[in-house]
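Chain IDs A, B, C and D follow the sequence of writing; residue 1 opens each chain.
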Amino acid sequence: MSPAKSDNSVPKSRLLEFYEQMLLVREAENRLSKLFADGEVPGFIHLSVGQEAVCVGVTSALKREDTLASNHRGHGHALSKGVELNSFFLEIMGKEEGICGGRGGSMHVADMSVGMLGANGIVGAGIPLAVGSALAHQVRENGAIAAAFFGDGALAEGVLHESFNLAALWKLPILFVCENNGWSEFSPTDRQFGANVRELAGVFGIPSDYVDGDDVLDVHDAASDLVTAIRAGEGPRVLECVTHRVRGHFEGDSQKYRAEDEMNSLSNHDPIAKLESVISKRRIPKKEVAAIREKIDAKINAAVEAGRAGNAPDFDRAQADVYTAVRGV
Amino acid sequence: MSPAKSDNSVPKSRLLEFYEQMLLVREAENRLSKLFADGEVPGFIHLSVGQEAVCVGVTSALKREDTLASNHRGHGHALSKGVELNSFFLEIMGKEEGICGGRGGSMHVADMSVGMLGANGIVGAGIPLAVGSALAHQVRENGAIAAAFFGDGALAEGVLHESFNLAALWKLPILFVCENNGWSEFSPTDRQFGANVRELAGVFGIPSDYVDGDDVLDVHDAASDLVTAIRAGEGPRVLECVTHRVRGHFEGDSQKYRAEDEMNSLSNHDPIAKLESVISKRRIPKKEVAAIREKIDAKINAAVEAGRAGNAPDFDRAQADVYTAVRGV
Amino acid sequence: MAEVRFGKAVNMALDDALAADPTVILFGEDVAEAGGPFGVTRGLLEKYGDRRVRDTPISEAAIVGAAVGAAMSGLKPIVEIMFMDFVAIAMDAMVNQAAKARFMFGGQCSVPMVLRTPHGGGVNAGPQHSQCLEAWFAHIPGLKVVVPSNPSDANRLLRAAIADPDPIVFVENKAMYSLKGEFDESSEPIEIGKAYVARAGNDVTIVSYGAAVNTALQAADKLASRNISVEVVDLRSIQPWDEEAVLASLSRTHRLVVLHEAVTAFGVGAEIVARMSDIGFDELDAPIKRVGAPFMPTPFAKSLESQYLPNAEDVIAAVEQVLA
Amino acid sequence: MAEVRFGKAVNMALDDALAADPTVILFGEDVAEAGGPFGVTRGLLEKYGDRRVRDTPISEAAIVGAAVGAAMSGLKPIVEIMFMDFVAIAMDAMVNQAAKARFMFGGQCSVPMVLRTPHGGGVNAGPQHSQCLEAWFAHIPGLKVVVPSNPSDANRLLRAAIADPDPIVFVENKAMYSLKGEFDESSEPIEIGKAYVARAGNDVTIVSYGAAVNTALQAADKLASRNISVEVVDLRSIQPWDEEAVLASLSRTHRLVVLHEAVTAFGVGAEIVARMSDIGFDELDAPIKRVGAPFMPTPFAKSLESQYLPNAEDVIAAVEQVLA
């Protein structure tokens, strides 16, 4: 773990920026949870409540032209990479105006304009996509890097191992981010994967770091250091973030399989509460914080309204997008 | 590497047994090479000339009821596990009387009666088969173990990593044998795989050993120790055997891609010559050795004749074996 | 006769098999402690223990490969792939290993395994959690593919599948898990490869399998009120499939519609049409019509998905065409 | 016009594409230093360097996945899978990722990649190195599937495939690599989705694709000496496939045989028959016959394989049937 920089060295504006971004993810998901319960969001949704410090800490170390491949639990990755909030809600609510025309929903939010290559419904599948994206950056020499976000459960997929190997051999500019929340659906991951992602990376000669994934400042610092090395052409890096999944695997999961103790302790790990205590120690006026909360609330209310006002997607337009409109050969 | 037992502790009969088995593999393959060049063996054949100490050293530590899953370079695995020589030649020559009815050929030699679950044309695919076989042994509590033979090139396949994980989690009775000959088809494996099989195994908590794969006594000792642990219920083990591929990737490959130095040095690694020098140091009469050579020659001549005398396979009989003959439900 | 949910009927077949035969084992992601993502394997770990009922890591390639190896070594494994879309990662084990072992090893062994997996849409699970990929397996010599349409068949076909010596892909439609149907516990397993006339009729035959059989029955009901008598043939198994039964029905009705939820193009229906328009050429009074999903991935949005999935109206339109 | 081998024609298309467009890259197992297992990529590493022409580890899932990611990020990757049988390991990247990205992301991106892979028997490579699995891909909305039948087409179709914005499976028949054919270097790329009348005729139409087109032409030759005039339609691309062209031919000859090397059951031919027996119902004077491999894995032994592979005699027998 890289030595955490003193919180005091972080400019106030940065703290509030992180706060705002994490809050955006949290409140967006809280609202999605409600919309789901009310039947306004169909399908499956996987919330990252409790994990906001990871997406915000890492993406704040990336540039807009950097690319990111995500997994099924990708709302935070999408929003913090810059997917516009209204089109995000419109998508998850299944509307034509959604970022993906309502065809993908929660598990497939993507926005090429901000380098978000998509949430992914196949565990592990985003990882080689990010490797390929890093290959593109390397070949095009555009200075950008790729990031792959995946959970601890994905460590058991062979394609992860293949991707580590390929990235290391080709010295690709890629940051592998493992969000280790200890669970893989309804099973504790230690019953599913007997190794450790950092040791595994080490076998391929990939340097790695490890942070408390509840601390956005630590995540950001660690990610920044790794990104600097990656951008300098030193090849891939792995960042393991230990974090906590607060909600069920998907909405509707009652989590009966988790011990009461564990459930009770979750609030101690809340990354937003952690940052709030830093903010309050720095004596940042309460009303500035309150203003942020209000701003976020307003944005989300507006996004939900936009989502409700969206139109049902047009079937023919959807079908027309199976292939690219024909050009001459 | 386990400390090599003094050669003197190995009974003479054992030495000659190893010698005979290695010679059988060597001469069988030399003859296959010739038959291939003469058009009597169709398809692709991958010879293990130079690697005989691995199959013989390992299988001599196994029992008949133990199972073995092999790869494309599987002649040695098959013969040393006990596949009968005539039906082996008949198979590779594509005859009805072949062990697989001439339907599989070199890449698919299998013999369930001796636990040989098949050579395999898909790199890496035999590994999870062996894991499943080990699972069967564990569930059936039959005291048997499984072995998976694979090359260094297979280390890059994700399913290997998945298999290591699964075997470790379930403490399966399986020996993973990596025949590291430094080459993966026409490419040196160090340009393809940036890790090391023993370190990889270590990440999953799988103990491993490493031997000079040219020394059948060392291979046997190391395999025996690992097999003892596996049989005692201690879970999977990995054995890496460093060895040398003398012939091309397949017959017909001129190996222009290998340096002259490397080609010239191959004879220094010959496992049969190595064992011959042990035998001669032990003052075992030359004529006993000569008798073995003659015996093997005779057997192989007979097998080739049997192969030639075999019949073209019957098409309808082949098609009838796509499914098991129907039984009532 | 009791009413049983589809998922429970599957569970009962698994339970019976585990009870009857110590070589039957069950594994897959979250099938043991959690009782399966759809609750289908609930209670089996408790009853049969963690040697025989196992949770696996998220390693589809290895677990299906392990099922093949176990089946070659004396067990009868039942492995679950959580969504049929994920078989894309496990095709080698099924197609290059399980399907070919018996043939390519000269009949030395069988591979008595069952891969259970849910297909189908209707739950807004989107493009990567809704596919019907059974046509892939039906094209592969050595595999059998079974797709039940109701709880009783699910139970009776699964029992037959587990008893079968060859590798079987057993496809459950996920939208059906909570649907109830009549089930007689004393019923026998159903022979794989035999179709069933789910409704007798004279004017037109609808051939289908899986959940779509119910769509066919709905359409038949509606058409009955218009005095159109529809015969519905439930294939039950698409590899092998019962061409005699389909031909027999066609020979009575002279008109055929083939329906499935999978994408029409290059789907299972194509084979049925190709075969019937050959061996049934002289029986056909009209071209055979196919009803299936259009040529696009399964969309997420409710409005899109409901237009995407073939429904009774689509079937009725096809029936009208073949009767025109 | 020069004679060029099939493999060389593919090589020339790759060479041209690498020369013309710096975003084209090529990777696969042993494609760079060794020039490919069949020599098809020889010389490209030397010409375009190891940034753009790369050897990969034996990691089919990751390399095809990486091709998809690269194609989403500004490159035009060409990835090789050494034998089509091995795509079984890489189906997720093609089917769940490449095929669906454009659709499920609302048309935001295309996935301009080509997966090149050889299928087919005839070299006694046995059950795991001979399969023709193109029907799997043809069933998946979002993929295109191209299968050339001669060197010139291989070159011209591959150039079109590389230029195409969508993911393409480009299938080469391995037994054809060393076959020579006429090739005019100044020829244009061929539009994907258009069939070609390889031989005009009046009595019966044979529809085929890939190497089997040559079998059809052989059969046509032999039948000509018996005064049977055969039209041979080379589909060139099976997804999309040119149903207008096939229907047009059928409307002239009224008799149809569909031929491919793949297993007949649930193969590409099933779709062609299903479609033609629908839209061509009134044109058909006889049932459409299919010629393809029997329902078994590709056997190793020479004698078995030669009985297994569809040949001109089989085609002639089918033509006789439709003319009977």
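The rule is simple: a contact is a pair of C-beta atoms (placed from the backbone, for glycine too) under 8 Å apart; a residue touches a chain by one contact, two chains touch by 3 or more.
Treat the numbers as computed from the prediction; the structure is a model and nothing was measured.
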Longest centre-to-centre distance from chain D, chain (CA-based): A
Higher-contact pair (C-beta pairs counted), A-C versus A-D: A-D
Euclidean distance of C-alpha centroids - chain B vs chain D, Å: 36
Distance from chain D to chain A - Cα centre to Cα centre, in angstrom: 40
Separation of chain C from chain D, taking each centre as the mean of its C-alpha atoms, in whole Å: 30
Set of chain D residues in contact with two or more other chains: 56-57, 59, 61-62, 85-86, 88-89, 92, 96, 103-104, 126-128, 141-142, 295-297, 299-300
Residue numbers of chain A (touch at least two other chains): 102-104, 108, 120-122, 156-159, 162, 165, 169, 191-193, 318, 322
Residues on chain D engaged by chain A in the complex (per definition of touch): 23, 25, 51-52, 54, 56-57, 59, 61-75, 77, 92-93, 96-97, 101-110, 141-142, 144, 160, 163-166, 188-192
Chain C contact footprint on chain B (complex, rising order): 67, 69, 98-104, 108, 110-113, 117-118, 120-122, 125, 127-140, 142, 146, 158-159, 162-163, 165-166, 169-170, 318, 321-324, 327, 329
Residue ranges of chain A in contact with chain C within the complex: 42-44, 94-95, 102-105, 107-108, 120-124, 153-154, 156-159, 184-187, 191-193, 257, 312-313, 315, 318-319, 322
Chain A contact footprint on chain C (complex, rising order): 29-30, 33-34, 37, 55-62, 85-86, 88-89, 123-129, 294-297, 299-304, 307-308
Touching residues on chain B, where the partner in the complex is chain A: 156-162, 165, 168-169, 191-196, 199-200, 202-205
